[in-house]
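Following this line, the structures themselves.
Shared chain: chain A. Partners: chain B in the first complex, chain C in the second.
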Partner chain A sequence: MDYYLLSQLINGVIFGLIYALIALGLTIVFSIMRVVNFSHGEFYMLGGYTLYALTSGAVTFFSIPLSMPTIIGLPIAMVAVAIFAIAIERGMLRPIYTVRMDRPEEYAIILTFGLSLFLQYGALTVVGPYEMTPGAFWEGSKHILGDLYLAGDRLFATGVSVLLIGITIYFIYGTWTGRALMATAQNRVGSTVVGINTVRMNMIAMALAGLLAGAAGAAMAPIFLVYPDVGQIPVIKAFVIIVLGGMGSIPGAVVAAIILGIVESLGSVYISVAYRDVFAFLVLIGVLLFRPHGLFGQKERRA
Partner chain B sequence: MTDTEEILGVSNRHVFEVANGSIAFGGNQALEAVSFAMTKGQLLGLIGPNGSGKTTLLNATSGIYPLNTGVINFEGRSIEKSSPHEIARAGIARTFQIARIFPRMTALENMLAPGFTVRDPDTEDRTTLIHRAKEHLEFLDIDGFAHEQAADLSGGQRMLLQFARALMLKPRLMLLDEPFGGIHPLLVERILQRISDLRSRGIDFIVVSHDLPTIMGLATRIIVLANGRLIADGTPSEVREDPGVIEAYLGV
Partner chain C sequence: MLSAHNIVAGYVDEIDILQKVSVDVEKNKITSVIGPNGSGKSTLMRVICGFLTPKSGQVLWDGTDLTGRPSHGMAELGICYLPQERTVFAHLTVEQNLRLGAWTFRRDKARIGTELQRVYELFPLMRERRKSKAGDLSGGMQKILEIARGMMIKPQILICDEPTVGLAPIIAKEVYDTIERLKLDGLTILLVDQNVREAIRVGDFVYVLEIGQNKISGTKAEFETNLHDMIKDWLQI
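Coming up: the complex of A and B.
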């Protein structure tokens, strides 16, 4: 057994699952609200910073240094980012669908793009460009089998991803609210006239995106550290993934994320690690050439 | 009108009422001071040339494009400021000229999509809701397609599906936009029969149609819009004789 190849494959799947966590929120917001959220990477960043602030002891709260265990910091970071996401939806994005405006899509793009820059430079100003290292979730490296060892933090991040992806899929496909979310994504006006509060659905979509991105940012923080533009590369990959999986498709996003993770991991080993972040775009170009509606996307008959 | 009704005031008699409803899109006056009132048991036919404001009036009633000025009352409550989902839950259901179904769900899932929000939590659970959804599909003779993807249904079946889905709201007023447009005559017969069944159960209708013979036969009362103004209001035979209506239809 080639443990090196196996460990690279597993690494690929691990990264894929983390990418899936980021991509899910992006695709849910896109399909429900028709908003391409360019500030999604900054939700991820905020998740990391919140975890650091809560657990490192560097921040004081009424002169008590905050140094709670990382495992408690993670859910708090998720909720904090979700609250932030709801505030953005309420305060900035709501006019898109409550006020009759000429170019709502363009408004949303400019707004979320501006917000992304604002948050990145805001973080730069407030905490500086330094990389910060929150404590580990699961220290050391773990023996799996034979010569295969994996870092505890990576295993932890994988577990968090699998759990949250599972909960999200159950929520979307297995609950009444999930059905109403799907209906809103498939026909907004049709949903509202059968009694679905689509404004509330937008809020739920944004909260979900905040929870998932916040979780990803916090879970990855001990591995990739935290700095102002830490969300940039992951969010670009999430964009690639939702195009690859078919815009708005949830199973598509998960499968595409794992494929991308494996391609990157094997590409780094067998071609060159220097091109690690390029593989995503090669895959994207390939998909756009040969299957422009994505792996799971459906060509729609438009009336 | 009896004395008692006069004392109670008109709004108690009128189950649905639009007063001075106006909407402008940019410089285009889509509805201009439209007023009418409907009593229980009526089926109101809404006719007029293309662009006369029929669909706009339905959109204003269901809250999709709120009125700029004016009042809409339903069962004595003013609804012109309410959002579409509140109006739907209040008992006004709506169909569209191009069926607004959920394409990547089965017909039954389409029926159940708003389930949580439309059900009465005291009396309806998952089982009774599914049962009711199936009954409505059966009522419109599309129960055979319950497990088909809505995207695979024909135009006529989609129309019936959105009709059935609207019934999930237990509406007391239904707004139908061109329910006979591009539909086979046999299917039109079926829809007419169902409308008459629902009327006997106490549901009122406002029906927009270009199919004049059908709507004239169906409606108890006809309202004619032209260029956003109400130009005639009366029984089908009165409206048929109205010189203004003849001019609006033939003179343009």
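Coming up: the complex of A and C.
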């Protein structure tokens, strides 16, 4: 195998892992709350802005400019976005499962869609349309093998993705809270009967989505910069990924994300870089033709 | 042991499904609630188990007031509710389902192990199928898995809402046998059923609801003699 192809494959896997980080939160919220969170991309954006505000020195706190190291800014940004996500769950989404209402899913879609626009234009009004560049996590470019060099920041983002995906998978499959989340996703009444507080599970799902999206937004900020609609393209890809992998499937999301990363990377080299963002949909259409419930999705059983 | 007093409840403001319904459940007995469709049997169970807050009335459990308590708190009190719909975790295995039944004492590893063994002894079929996905079991087996999962907490009372609806008669019999066996082990049971004959056969005490009100109640013996007339009476309404 020539180094060129290999380097493109590595590049694709790296992008895939980063996409997976964004898609995980989306799929977790969908499977547990049955809410399609259209504002997920704005959670990502908020992660980037929080990192910028904490580390760049442009923002002052009691007249002290905030310029903490980026590596400390990242976990703070994650927590900040998670708190924001919990606030959205408590303040806006909770009625869909605590109050008896007609068409709760539609309510949630309109709500998160509106929230997405509100946050984008809110950011535009408050900080303006400028692209902001937070400081690097890992300066310079690193030699991988042959003539393959990768930006340190990109490697850092990959490391963060792998770490957080690993922790999330352990959390879901290896802890009691994670099992309760799975149970809630599969049968809410059954979960309540065994004593699981499903309202709290919704909150945990949303917090998890905030942590992951916030981490992705912050880790990617030095690479892709930060601006009001920075979350748009990543979240569209995340939607493609979770449909591709099977709505609500965590392994599905990770595998689909990596497939998508590789296809994009090879497609833009061997076909045309202009179509980069189209490949996702080609793969999606191709897969859905043969597996309408996605790669790992389970067919609904009605019996 | 468990009693509901003058329950008034409904899902919308103007319509009361239950209009002052009272039920008393005695310890170590099977209490059956029967009645035609729409008489409010399931609604009554939902009120008792905290899934629906009554507009007035009270639910008492061993002297403590349960009214308005959250539904997820029932397991902790030793109340096991078996709703009418399927509640197994379809994509998890039988054993994972049973383990989730131990949610209220999840920190106590030793107890989970002993309860699991106890439940497997009570339901040997579950041990055989412990690696199967719950969703792959037959409808009757899923019902028995739900009962087995409920038994993980060693409940004091089992509240069954139409456990055999939609099951073939031979499998329904198995479910009734299971319920009777649990009663012999000292469990208190509140059973709601549309299957009048079975409900009276297994029940020690029977309540009849009709359009959200107590119609008649009495012991099994009283009902067995009058069953024929009663059913005739219902059909005329």
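A few points about this structure:
Going forward, the second predicted complex is superposed on the first by the 302 of 303 C-alpha atoms of A that agree within 3 Å, B and C clash if a C-alpha of one lies under 4 Å from a C-alpha of the other, contacts with A are read in each partner's own complex, and residues count from 1 in each chain.
Here is the rule we go by: contacts are C-beta pairs under 8 Å (C-beta built on N, C-alpha and C of every residue); 3 or more make two chains touch, one makes a residue touch a chain.
Fair warning: this is a prediction, and the values are worked out from it, not measured in the lab.
With chain A as the common reference for superposition, the partners chain B and chain C occupy clashing space. Once the two complexes are laid over each other on the shared chain, residue contacts for A:A183 go to chain B and to chain C alike.
Applying the stated contact rule after C-alpha superposition, one finds that A:N197 touches each of chain B and chain C.
Across the two superposed structures, the residue set of chain A contacted by chain B and also by chain C is 100, 176, 179-180, 182-183, 186-187, 189-198, 298, 301, 303.
By the touch criterion stated above, chain B contacts chain A in their complex at residues 62-65, 83-85, 88-89, 93-94, 96, 98, 100-105, 109-110, 112-118, 151, 162, 165-166, 168-169.
Taken together, the chain C residues at the contact with chain A in this complex read 11, 51, 70-76, 80-83, 85-92, 96, 99-101, 103-104, 106, 135, 139, 146, 149-150, 152-153. Within the complex formed with chain B, the residues of chain A that make contact are 100, 176-177, 179-180, 182-183, 186-187, 189-199, 298, 300-301, 303. In the complex of the two chains, the chain A residues touching chain C come out as 100, 176, 179-180, 182-183, 186-187, 189-198, 298, 301, 303.
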